[in-house]
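Below, subunit A partners subunit B and then partners subunit C, in two separate complexes.
Moving on, here comes the complex of A and B:
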């Protein structure tokens, strides 16, 4: 039932193409600031690379994956041709245009501001306009997802929305709202300065706006992964979803509590009151809930598959799992990385503990483990699972796929564990050069070297991934049949309104944003004398 | 199933969803705005409202704190984007006339033979700032200060534009070029020292930082030591004092010798 395969393939190829470039930059960054590289002598090059790497990995790559996957879900789960195909292509081309527009100034060294924008640092205006175009392109997708669901609802009044689509639309709403923070920062604060209309900027307010985006964007990155956990993995390994309602509740919880917690990124900022920091910290603790629910439900679903395959005993069933199935492997790796990453996250979210790792390499280690590890490995799995349906050709070499997943997992552990460790020792993040000859940091040289080696393993795995997909475009043709999602043990015949629609939860999301962000934003905006002169990158 | 059936307290999901959310919000708000502020015994609050305002981050001006008395003069230079923009030929000509009295030390073409700084082609903002600082007393020098005290703002701007307009001493190689010492290439990250070039022009130029290539070795050494000892203090926010203090005498030696041996053509131009 995938009618618009070209559209979906375009999204995936662009996503994985830019991913390949950004991955290479990442490996280079790792290498060049490690003891095995020699000092660049121009730190500006490092920040150029870092800006490109972060912008692509944070904004362009996951957005494209979510969009492509979203279109696939809409067509296959709803069994309905995509409405608004022309708009979908418009969104795609906006992202292409935006990505190019943003990357040209970065390559030229005119926008080495890093993907978090770092005001009062100000780069070339086209960098920001490019990012805005990417976001606008993705908003078209948000609208299309809502419209497609509405069209389907009209044809199926009262019927339960398929879980995959319910989650997909929840993710798109989350993205629509969370992107507003960065959009306000760009449109009201940064772009006027970059365009030369103003020369000062309220950096504190800008950081608060950015924190509005920065946490929930993480859950937007995570959505495709969680959708794959619930709706692809059980089917691929021959099991069933343990509970459809539990799944819906998890996605609903993400919608409600992912937003009002972003100020855990501003714990060290003086312009935010401690009371608000506490509220955000407490709500952050809640966001562990949907993940714990998910881990429980997925483990139960996997156990069902194992028992159906004849697995027995308290833990004996684990052996009965189809370990040679790439989807099983990806899930297991993803869960291990999610577990370690989640444990690290508990440290980041506590006001006091955060102080010891704030702005250290621990942070970069943490989000690479969660995002680059647990999340991206499921992006790979999604691509592998969808590919035959998109190309009409079989992915034959399962062993190569397994090797690729193994390398990503091992590479990520080797990269990120020492990365966390040097962070605890106090090594700052976002530094182009470390003098490992200095006795103060000489003991960290070994850990950083391991990270760099891990980086090259990841690069190798990433190249293999792209080769596998490219070879899949030329493999023998097969009829992959319709694309299906996992069924629940008790496939629901009816679902309560609240679990079948998003309105209530979107409303709560917006209300909590207003309660948790309203006051700090309004006071910062109204307080006089809080702006500082902009610092222009690459200008004289 | 319509919004009417959902957004009502008769719907149990609505009741539970809204109820739990509101309860959590209220409990965390009371904890964050009232309980925790009072749990800090070392902070005194006049009343509950005072504690809430403090936790909310209401901007407050402390009433009884006065700024510490400033005993030494600091740099007060203000540079806007218009101060030195697009000098007219006339302004440069006026600067040239004024510059005749500087020639005795800084050389008739802005290239010194007396261990004073070469000014030809120096960034205009640098000359502007130093002359202002000499005039205000933020920087003092027995020879230089008397020249600066009587200059007007206009004269300072003209002089700055004139010297910036002169060609840099291109083929000026006082000594064989030395290799870059590590303090210049790397700085010393663990001591908070950035590579010199990240401000002084070869990698990037930060407004007010001069380029150093081909300057007198003796002069640069004296200045670095003056920054380190705090004898010179007209650098804004102690930018240069912090660095000089963290440098070893050997590094000061090496950096000064290196820069003195370089031709100034590697430095970024300013438009």
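Moving on, here comes the complex of A and C:
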């Protein structure tokens, strides 16, 4: 039952529209700093583009996908009309207003500070206020998800919350709390300086605040993808979820351990001591656990589908899978990219290995492979799966959809593998151009060229994606029926309270954040003489 | 599939799942232990201590005044390098050090966040204004290494490249005889 289709479609269209713009900027950036591009006479243009690309891809696009998907889950999994539709539209328009408010100074070159802010660099105050509005808009969604679940619980006392909704609400709580780090940095530190009320800022403290957001935000991006793994893929390929409780445990683990680990982004920083660096490294190792559990459960669920289709043998069942089904294809691509990206991630979070790749192009390659690859390809699959239910029209051209997914996968591999490689060679991040004429840099030229070509393949795939969705708005009408989620092998009749509610886990999440962040933040805030003069960008 | 088959395969799956979970936990514990072991033995580890310095006064007094920047041979044979990063260059722009010698690099930023990365090595640290970064290093090959700034520091970031020149031990000792702080700017 999808009653508020317009609301959900508005979120998806805005998400994919801004995604298209940011993707184009990304491809241009790959090109302009590669040997096949020409040197920019004004490198500042590159950093405007980079700020826009990061802000849209990091804050606006995934947030809108999570919100639209969240509303769809709430209505279809709970079989209950969305409560608070007017508030949902308010949240949507806040994001529109925030995105525009943030992008105007970026386009004008008044806020080229990158989406990671980097104080003491300070840009135009409206850039930061715009980002705050986007976050406030998404917090309305968080509240609505909690309220809708509560309304449903009241009508169904003691009943197991559908897995999709349980995970969706976990994801929304994760986002609410992880955004607090950047919010504190913006409200307490950056905005007062950008507004001219203060002239100094503690850059080290700001980096710690931002790390609070910077890592768990990745798991917020990941949530829709994992929800699709567990609750859409098995249904779409004709199988069942292997274990409902293992799925709940994985989402709970994400909620609890995704938060207190962000300082692995500050291993190379001078303002954090060895103790907390090590604790955060160890906690980051823990966060691999829910992913490893997920890999098992999803592979088992897929195997169930294959065996139901007559697959036999230890590996022979793989051939029996419905490979012409876009969902199957997207899942396979996503898992391959998750495997490589995850292995790279273990290197990044390692207390020692991090030094050899910190802030090199390896990192950029890493998060493009995980986020742009493993996560976003499932966003595509979610959109394809939901589209007929939202538009009442069929997506006819499966061949085009498969080609689009193939191109995204191949493009992502061609882009990110050489990207990792030049990182190992020591190529630094975020540079508008490289002097490939320098004999020490020349060996990196070929790899960077490959990455640029991969960037154009991704752009082509992204355009195809938008074209497919747009054509789907005008396709012949069809009754897609109610939107359903996968059933478990043993669909639970009752679920233990701990696996059916969030309160305990949210409390644990907050406590762990306070223990892992409280002391370093308080110490840094109390250290005298670490506030440094702000350096205003583009103001002159 | 008969009922018996389903029951049998469910048992297999449960067994495999337990094994998988055990292996996953072992991997994670091993990684944490390895990191602790290597850290305790200082094989390699991130900067452990927090030291502060006021960037608006570093050019006036203290260890980062201009006359104190560069490489110095300590009495025990080790070398200390002091450097600063500012938009958009390092001082000194060329750092000279001897091969096969324990080196301590102490650096900070005079304005915004910068980073030091020496290509072909795992020397890699952030320079955050207000704090002192310290890195222990040792080069096993002589030659020239590029040292780019690895953190976005505004519009000139792409032009912020320094150099490290690793020279023979005796040559370095000769040059250090006159005292003072060594660098290889212009060489």
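The working rule: the second predicted complex is superposed on the first by the 540 of 540 C-alpha atoms of A that agree within 3 Å, B and C clash if a C-alpha of one lies under 4 Å from a C-alpha of the other, contacts with A are read in each partner's own complex, and residues count from 1 in each chain.
Operating definition for what follows: contacts are C-beta pairs under 8 Å (C-beta built on N, C-alpha and C of every residue); 3 or more make two chains touch, one makes a residue touch a chain.
Predicted model, so just to flag it, every value in this text is computed and none were measured.
*Asks:* In the superposed arrangement, does A:272 touch subunit B (first), subunit C (second), both or neither?
*Replies:* So A:272 meets both subunit B and subunit C here.
*Asks:* Between subunit B (first) and subunit C (second), which does A:532 come into contact with in this model arrangement: first, second, both, or neither?
*Replies:* second
*Asks:* Taking the superposition as given, does A:508 touch the first partner, subunit B, the second, subunit C, both, or neither?
*Replies:* In the superposition, A:508 contacts subunit B only.
*Asks:* Report for A:433: first if it touches subunit B alone, second if subunit C alone, otherwise both or neither.
*Replies:* Both: A:433 reaches subunit B and subunit C.
*Asks:* Quick one: subunit B or subunit C, who's touching more of subunit A?
*Replies:* C
*Asks:* For A:44, decide between first (touching subunit B), second (touching subunit C), both and neither.
*Replies:* Both partners, subunit B and subunit C.
*Asks:* Regarding the shared-chain residue A:359, is it in contact with subunit B (first), subunit C (second), both, or neither?
*Replies:* second
*Asks:* Please work out whether A:282 is in contact with subunit B alone, subunit C alone, both, or neither, and reply first, second, both or neither.
*Replies:* both
*Asks:* Output check: A:519 vs subunit B and subunit C. Expected answer is one of first, second, both, neither. What do you get?
*Replies:* first
*Asks:* Regarding the shared-chain residue A:500, is it in contact with subunit B (first), subunit C (second), both, or neither?
*Replies:* A:500 sits against subunit B, while subunit C stays out of touch.
*Asks:* Which subunit A residues contact subunit B in one complex and subunit C in the other?
*Replies:* 43-44, 271-274, 277-278, 282, 286, 431, 433-434, 438, 440-441, 527.
*Asks:* Which residues of subunit A touch subunit B in their complex?
*Replies:* 39, 41-44, 158, 199, 256, 271-279, 282-283, 286, 431, 433-435, 438, 440-441, 496-501, 503-505, 507-508, 511-512, 515, 519-520, 523, 527, 540
*Asks:* Per the contact definition, I'd like the list of subunit A residues that touch subunit C in the complex.
*Replies:* 43-44, 46-47, 112, 114, 118, 120-121, 202-204, 207, 242-243, 246, 266-274, 277-278, 281-282, 285-286, 288-289, 292-293, 296, 300, 307, 346, 350-352, 354-356, 358-360, 425-434, 438, 440-441, 489, 527, 529-533, 535, 537
*Asks:* Given the complex with subunit A, which residues does subunit B contribute to the contact?
*Replies:* Interface residues on subunit B, with respect to subunit A: 1, 3, 5-7, 11, 13-14, 17-18, 21, 24-25, 28-29, 31-33, 36-37, 52, 54-59, 81, 185-186, 188-190, 195, 198, 203-205, 268-271.
*Asks:* Please give the residue numbers of subunit C that touch subunit A in the complex, ascending.
*Replies:* Those in contact with subunit A are residues 1, 9-10, 13, 16-17, 20-21, 24-25, 27-28, 31-32, 35-36, 38-39, 43-52, 54-56, 87, 108, 111-113, 115, 117-134, 144, 146, 148-158.
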